[in-house]
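The block underneath contains the structure these notes are about, expressed in structure tokens.
Per-chain numbering from 1; labels A, B, C, D, E and F assigned in written order.
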Amino acid sequence: MSLLRRILPHPLLFLALLAMWLLLMQSLSPGQLLLGSLVAFGGCWVMVALDPPPVRMRRPQAAIRLAGRVFVDVFRSNVAVGRIILGDAERRTHSGFMSLRLDLTSSYGLAILAVVLTCTPGTQWVHYDPARRVLMLHVLDLVDEKEWVRIIKQRYEALLMEIFE
Amino acid sequence: MNAAAILGWSITLAQVLLVLAMACAAMRFIRGPRAQDRIIGLDTFYVNAMLVLLTLGIRSGATLYFEAALVIGMLGFVGTVALSKFLMRGEVIE
Amino acid sequence: MSNGTLLLVALALPFLGSIAAGFLPTHARNAAAVLAGSVAVAGAGIVVFLYAGIADGEPVRLWLPWLPMLGLDFTLRLDGLAWLFAILIFGIGALVVLYARYYMSREDPVPRFFSFLLAFMGSMIGIVASGNLVQLVFFWELTSLFSFLLIGYWHHSATARDGARMALTVTGMGGLCLLIGVLLIGRIVGSYDVDQVLEARDLIVDSSLYEPALVLILLGAFTKSAQFPFHFWLPHAMAAPTPVSAYLHSATMVKAGIFLLMRLWPVMAGTDAWFYLVVPAGLVTLLIGAFIAIFQQDLKGLLAYSTISHLGLITLLLGLGSPLAAVAAVFHTLNHAIFKASLFMAAGIIDHETGTRDLRKLSGLYRYMPFTATLAMVAAAAMAGVPLLNGFISKEMFFAEAVAEHTGSLLDDSLPYWATLAGVFSVTYSLRFILGVFFGPPPVGLAHRPHEPAHWMRFPIELLVLICLMIGIVPSLTVGPVLATAVSGLLESAPPYYSLALWHGFTLPLLMSFIALAGGVLLYVALRRYLESGIEGPPLLRDFKGQRIFEKLLVTISWQWARAAEAALGTRHLQPQMRIVVALAVAAALSPFIVNGAVGAGGLPGSPVAPAFALLWAVGIACALSAAYQAKYHRFAALVLVGGAGLVTCVTFIWLSAPDLAVTQLLVEIVTTVLLLLGLRWLPKRIENVYPSRPPLKVLVRRCIDLSISCSLGGLMAFLAYCLMTRPVPDTVSRFFVERAYTEGGGRNIVNVILVDFRGFDTMGEIVVLCLAALTIFALLRRFRPAPESIAAPEQQRVQNAYDEAEPDRSPGDTVTDYMLIPRLIMNWLFPVIAVFAVYLFIRGHDLPGGGFAAGITLSIAFVVQYMASGTRWVEDHLRVLPLRWMGIGVLTSAATGAGSWWFGYPFLTSHFQYLDIPFIGKVPAASALLFDLGVFFLVVGATVLILIALAHQSLRSSRAAQAAEGGD
Amino acid sequence: MTGTTTPLVEHLAILPVLLPLAVGAFMLLFDERRRLFKMVLSLATVLALLIIAITLIVMVNMPSGDRWSTIFVYPLGNWPPPFGIVLVVDRLAAMMLLLTALLGSATLLFALARWHKAGPRFYTLFLLLLTGLNGAFLTGDLFNLFVFFEILLAASYGLVLHGSGTARVRAGLHYIPINLVASSLFLIGVAVIYGVTGTLNMADLSRIVPTLDGQARVLMEAGAAVLGIAFLVKAGMWPLSFWLPTTYAAACAPIAAMFAIMTKVGVYVILRLFLLCFGDEAGASEEFGALWLYYGGMATIAFGAIGVLASQSMQRLGGYAVLVSSGTLLAAIGTGNSAVISGALYYMATSTLAISAYFLLVELIERGQAAGADVLAVTLEIFGDPEEDIEDEDEEVGVAIPATIAVLGGAFVACTALLAGLPPLSGFIAKFAMLSALINEAGDIPASHWAFVVLLMLSGLGTLIAMTRNGIRTLWVPAENEIPRVRAIEAIPVAGLLFLCAAMTVAGGPTMRYMEATAQILYWPREYAREVLGSGPTSPGRSQTTHPITGGTP
Amino acid sequence: MEIILSIGIGVFAASGVWLILRPRTYQVIIGLSLISYAVNLFIFAMAGGGLRVDAPPIIASGTAGDPSALADPIPQALVLTAIVIGFAMTALFLVVLLAARGRTGTDHVDGREPER
Amino acid sequence: MSAAPDLPLWAALLVSALVIAGALVTLIGSIGLWRLPDFYSRLHAPSLGATLGTGAILIGSMICFSVLQSRPLIHEVLIGLFVTLTTPVTLMLLARASLYRDRVEGNRAAPEHDPEPTEL
């Protein structure tokens, strides 16, 4: 394990880069595999120089569940937001800021949460205070704040904590 | 009406819609009123333009326009990040 | 050694001597004088040696090729006339050198003086010995140049400087006219060769260009010889050391004009135009010079005006156009040179011994320096035309010519009276010179008691006065043969009969001489009181000072008018220049249409309009117009808007089949945005709205002009673009590229193959431009001095830091850390991803959109992203970037790839490609062009990173400077 | 290896571009502390350029076959013209290369006394400027010309700003945007010409222009006109030249001296393209724009002369002298008379050398007032460049000897004579050659020629007046001023340049003959086109199928 | 398409020229950017064979290209070079204007405020 | 209109539907940019195009090219991935920046202090 780490410092990154290379080249030929491995290997070593916080993924299968949830939510909120936009003016005035306390501390987990919340139309990550562990959001349809807290904490945070902590 | 024509017309329609979307975004960055409005307009403008490129690619039937779309997808955010950071910090690189 | 070569030696000697003298130590005055003296003596010796042949009527000639295609060969030609002048130049030159050795003070840098003097001597010889008129002008201008240096020799004195400048300006101007005149003669005759010109009288006189040529040549001659109205420079040249006055302003340089008139006399004189141009000039000069000379208070001024007058006399004689008058002119030239040089030297001695040249202070010097006084008196008598002295004979000849009939005009008929009057004046000023200086009470207030000078200083005067006497008493024995030779040289034919006898019986000229002598004495007596009152200048002409007018004119034209004209015709502002450039470009582009009629659109049908494309451009146009509108007060908005316009351009490129352009444009767009933002940091806030209510009318008019200029250029470009896009296609050279890109360039992306192979040289140039821009930016930023308002950290940072400081649980910098917390993580991880993408773009470039440039920019964006995410210090702690090295390696790689083809014997940049069969991998294209592209990649990374980072570093530097300033307080 | 290979000597054509480029880039690899190494290297490079230029002159001057002169065509990448880019060495190009090398050697030597320390990476900038100049003179391709123009401009921006300081930055603020606009015009012109003719090769262009139909010809002329404006901005024609005196006055002495050839690039290109495209064989487009050049040139002479008179500063005077020189050349080209042009070529060489010498000299003369280096700068080690500013002015820059002022004075007089067209140096011969050609034109002398003659004379007179005024003010008046300290390596370049002018006088015959032959060849565009286009690729048949080096089939 | 592109080029150029005739350095640099877009499009429009949709000059299969089926690659190559040079010059001018702002205390193009 | 590629009818219809749907969603998002009343609301608009709009068009593109070249061509996935990863970065930075600006300027649009965390 440690030998592999010494030769290949970020195996996940390596795989991702190799996949990216093969996708870009639209080919699975041995030549491209070799070339892609070389490039990905170089990329990993570049990353070593940047010294990122270590990634520890405990339950990769949870990640797939998360992806599914997000996919569904994104679709749903697309529809919801589209209605708000096209609907009458009154519907567009329910937006507002809200905060919630997060238990998640892994920076990767936070990053994914941020991406998810921001990608989902209707919620916008504004600010996270790591000292107080408070996340501030802007929500387009802020009728029931508790409902939003529930969605975030139960649908996403729990899964993320499962994956990263 | 054959398949190619259907596809051709749909793509034309899609392009008109997308360029209209670009126009909306452009109106936002032309009118403002605030700097942040302009940035968000530009960001949307970039994404919409990328989609236009994709439709052009579909119509041409060749993957030659992919790189351009990928450049927007991967690096288009750099400009807007710089703009946002400038608003927040008054400086892009500290 | 042939005579021609000897002549060349005589010409070269002074110049060589001049150079040698220039290298002598500053105070080596004996060595310099010996050098100069030996040159002059040797020259004189050579000239004397050459006499025999010339006297036989055969000029000494030498021809060396120089510029044969322009009719200018180095030609020497020494005939009788030139011989006479040459001997004067060397002979008097030798005496002046001897004199100067004692005259010049120990403090003066004498070698330089002798150097100039010798150079001048050589130039004079050059004039008289020229066998080619252009060559004559060449030496002519040289005399102007060296006389300038000689007059200005004592350049600490303002009079010397002004005198030198005036002399140069006037004679230089004349020289330029002379050049044109000579060129015209050359056009008429078909040659500048003196021999040929002298044979072409009919051609010249009958030519329609005769009058212009004559006027121009006379301008040259008159300015040099100080003829009215160009006479005023000569008195001011008296600020020169006296040896210079004696040499240049009596014996030689002023005679150059006379020489020129004599030289061209056979082919130009004798016409009405000649007579009416030359005679009046000479006459007025003769009279005015003599008249003003009477009233001079400066000894040298008196001599200078008398010189002017005598030059006028000679000019007048030449103007008459008769051979006998020409004889008289030659003779008087010789005589004047001799007596005037001695007089100047005498004046110099007086100045040297008494410390002044002011006639009001000088008096009764006879008792202190009787010998010098006697010599001066004899010379002055010669000047006055006293019998038994050389001046008498030539003046007698002048009177005779004045009486003689030439054109029968009123001017001709009145000449005897004017001549007599001039004679009267000359007697008067000669008397004033002698009586004023040597007689009367002893002088008062002199610095020291005057005495006789060193003997060798007086020797030249003795010699010259001796010659005066010899010529005056036995002319035909002494000067007769020489004169005859000179005259035949001048006339280019057998001389007329003339007699050099002293006594011709009781003739009208004798009577005129007598009247002149008596009248002169009477006039002197009459004017005595007036002169002793000490008033400077003549009664009638006192307020009319040519020099003053000239100076004023010169200053007005060459300074005040020039400044006004420069301001009126030019500008030092950028905006008008830009307006002119653009407007002229539009005008120039439209001119062919105006001349040839409008051109319509071509016949091509044009592609059908896609509605989305039209809409896209509506957006693009809106972006551009708003950018134009907003750029003044809303910089940030303008930046965004330009980004929008750029994106529309990108989409257009893609739409119209140019993926490479789109990729490149996009990448550049991104980098440019970051760059401009980096710059915006250093541009302090603009003060809003200069014109609170309505801009003034002037501004509105200017805006209207700008608007029309910009619309016209826009319209022009649109028009040209439309015309050309709808024109049927010419068979362009791209057919070649399209057909060969794959088979011979080894790439499917033709654009990329063009860039790295067909036109790889362009790309190499382009990366050099990028390299240069980066280096310049780097250099400029090394000494960057930010605007005072922007030195401090931006307002946002100050506010946020203050907030962090105020909160108990936060420390400064927390805001930004929190702000960047998640973006930073993502952006860090993007680094290898973007880098891989860059590699992809690079490798695929030869076949698909991409290539070295796009890859390079992409990689540099990867760097910039890190800088933005984590800050300069952090990035530079983790990634070591040496942009300058990258740049050097990049250019070298490209160049070395190009030069690699030499090894195979092919021209630079000849590419080579091959498909390598690698086990497991299969066929891999390996083109040398890829290596070339690698160089491009390196350079682009280096240069772009250098530009961005050098700019980003300014924040660090200024914060460091601010800290240092705080620490200092 | 197949096919014939290029004789080694033919690669000489690329060296004037490649050598300074490679050395300049090479020096980027070393940090600024290795100054001696860089000095030696850059000096060796300019000397090599000088030798190459002389060799090329000798080579083009050799008769080849039935002709008395040789044109070398160097097909880059071995692609045959008009498709690939070619370098063309003819008499004119060779002469310009020599001038550049001469100026380069002189100014570099001068700069090594102290100016090289005034900013980072001086040597690279300087050598790349030479690259740009040489490339512009050599290239036979219109767009490649643009690229080299940009190289030389980019280098010149860097060098104008070299040493920084407010005046230079302010000058750059005008110089750069104006040239950027001119470059845009350049591109528009090139694009139109390509759109009409479908080619970028100059020789090909000269072949195509006479065959264009009416509409195409008008469009082509419009493109050429825009292109012409771009060149005229660089050549400094009035009223496109107001930036020039300010810029030249602001640049440090060796750079201003090197810039003496920058306007000549514009003139060179106009001369070349004008005669190639609109010469005697251009059909209906013959002499297009000649009147513009003629009267514009004369206006430039007038404005330059006025400026020379109106200048208080010696540097500014030099800038205006550049304008006079440019105007003279432009008007001479506008006459369309080959005799005038051969005189003008001689004049070009002379005035370039003279102006260069003048700028160097002025700095030496005015050394007393030299502004000190000012700014402190901090640099991060990241660039591998230590901070090192130009040393204090107290540093010994030369020995003050009493003769210095005399030497400087003598040099100043020589410059005056050169610029005013007075003997004994080549300025007189140059002016005489042009005047003689103007006056000896067949038939009656037209009034416009008289105007040109008068302007030539008056500009000479104006220069004489102004230069004596300034020379007296600086060299003769200040008796109390300190004698400037001058180093030998500063005096030698000035002396060398002036010596060259003297040599051009003495060897007037051969020099003038060269110019005459140069002018004549410019009048035979068909000959030029045949030489350039006729030269195929090095190995026979490249344009058909085979690749020069055996490669695999794709 | 031709007429649209022509008008677009014209407007870009006109806006750019309007800006470079303005007195503030920042306006000039924005104007130069717009002009360079216009010029690049102009060069691009000079393609022999006119504007082409869906015909990028990239050879599909490994054979010699067919000139009539592909867009003219030369203007594209020229524009690429022009883009790079334009970028370099924009960067350079930007730094010069910053330096001028710092040294002269004004952002006027003449390096000094005009006297009113 | 230049010809579109020749797909089988089912694919053509599918691709057309996806592309038009994507474009429509994107347009709605951009209209939101125009119609939504304040900046923070407008922040939500672009994510329509960045998610569903992009996704639909990308899938259309993938189907199109896979059918055309008769092999799975899914490199467009990368575009979706990067858009998903990078758009949030911009929006997060922008949202926080405007919050700062509004607070400094005292605009009503932004709360003066963070709202208290909502607890369940």
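Definition applied: a residue touches a chain if its C-beta (ideal position, glycine included) is under 8 Å from a C-beta of that chain, and two chains touch if they have at least 3 such contacts.
In this text the structure is predicted, and so the values were computed from the model without any measurement.
Visitor: Where the contacts of chain B and chain D overlap, which chains show up?
Guide: Both-contact set = C, E.
Visitor: Keeping to the contact definition above, tell me which chains border both chain A and chain B.
Guide: C, F
Visitor: Weigh C-F against A-C on C-beta contact pairs and write down the one with more.
Guide: A-C
Visitor: Using CA atoms only, can you tell me which chain is the most central one in this structure?
Guide: D
Visitor: Round to the nearest whole Å and give the separation of the Cα centres of chain A and chain E.
Guide: Those two chain centres are 39 Å apart.
Visitor: Distance-wise, how many Å sit between the C-alpha centres of chain E and chain F, to the nearest whole number?
Guide: 30
Visitor: Averaged over CA atoms, how far is the centre of chain B from the centre of chain C? Could you give it in whole Å?
Guide: That pair's centroid distance is 60 Å.
Visitor: Whole-Å distance, chain B centre to chain E centre, using C-alpha means?
Guide: Result: the chain centres lie 21 Å from each other.
Visitor: By residue number and range, which residues of chain C touch two or more other chains?
Guide: In chain C, the residues touching two or more other chains are 572, 574, 578, 582, 608, 610, 639, 655, 659, 717, 720, 724, 729-734, 737, 742-743, 759, 762, 766, 769, 772-773, 776, 780, 783-785, 796, 800, 819, 822-823, 826-827, 830, 833, 837, 844, 848-849.
Visitor: Where in chain A do residues touch two or more other chains at once?
Guide: Residues 20, 24, 26, 114-115, 125, 127, 129.
Visitor: At least two partner chains per residue is the criterion; list those residues in chain E.
Guide: 20, 42, 45-46, 48, 53-54, 56, 58, 60, 62, 74, 81, 85, 88-89, 92, 96-97, 99, 103, 109-110
Visitor: Where on chain E is chain B touching in the complex?
Guide: 54, 56, 58, 60
Visitor: Would you pull the chain E residues touching chain C in the complex into a rising list?
Guide: Interface residues on chain E, with respect to chain C: 1-24, 26-27, 29-31, 33-34, 37-38, 40-42, 44-46, 48-60, 62-67, 70-74, 76-77, 79-81, 83-92, 94-99, 101-103, 105, 107, 109-110, 114.
Visitor: Which residues of chain B touch chain E once you look at their complex with the stated criterion?
Guide: 59-60, 62, 64
Visitor: For the complex, give me every residue of chain B touching chain F.
Guide: Interface residues on chain B, with respect to chain F: 2-15, 17-18, 20-22, 24-25, 27-28, 34-37, 39-41, 43-44, 47-48, 50-51, 54-55, 57-61, 63, 66, 69-70, 73-74, 76-77, 80-81, 84-85, 87-88.
Visitor: Which part of chain A faces chain C closely enough to touch in the complex?
Guide: The contact residues of chain A facing chain C are 13, 16-17, 20-21, 24-25, 29-31, 34-35, 39-40, 42-44, 46-47, 49-53, 107-108, 110-111, 114-115, 125, 127-131.
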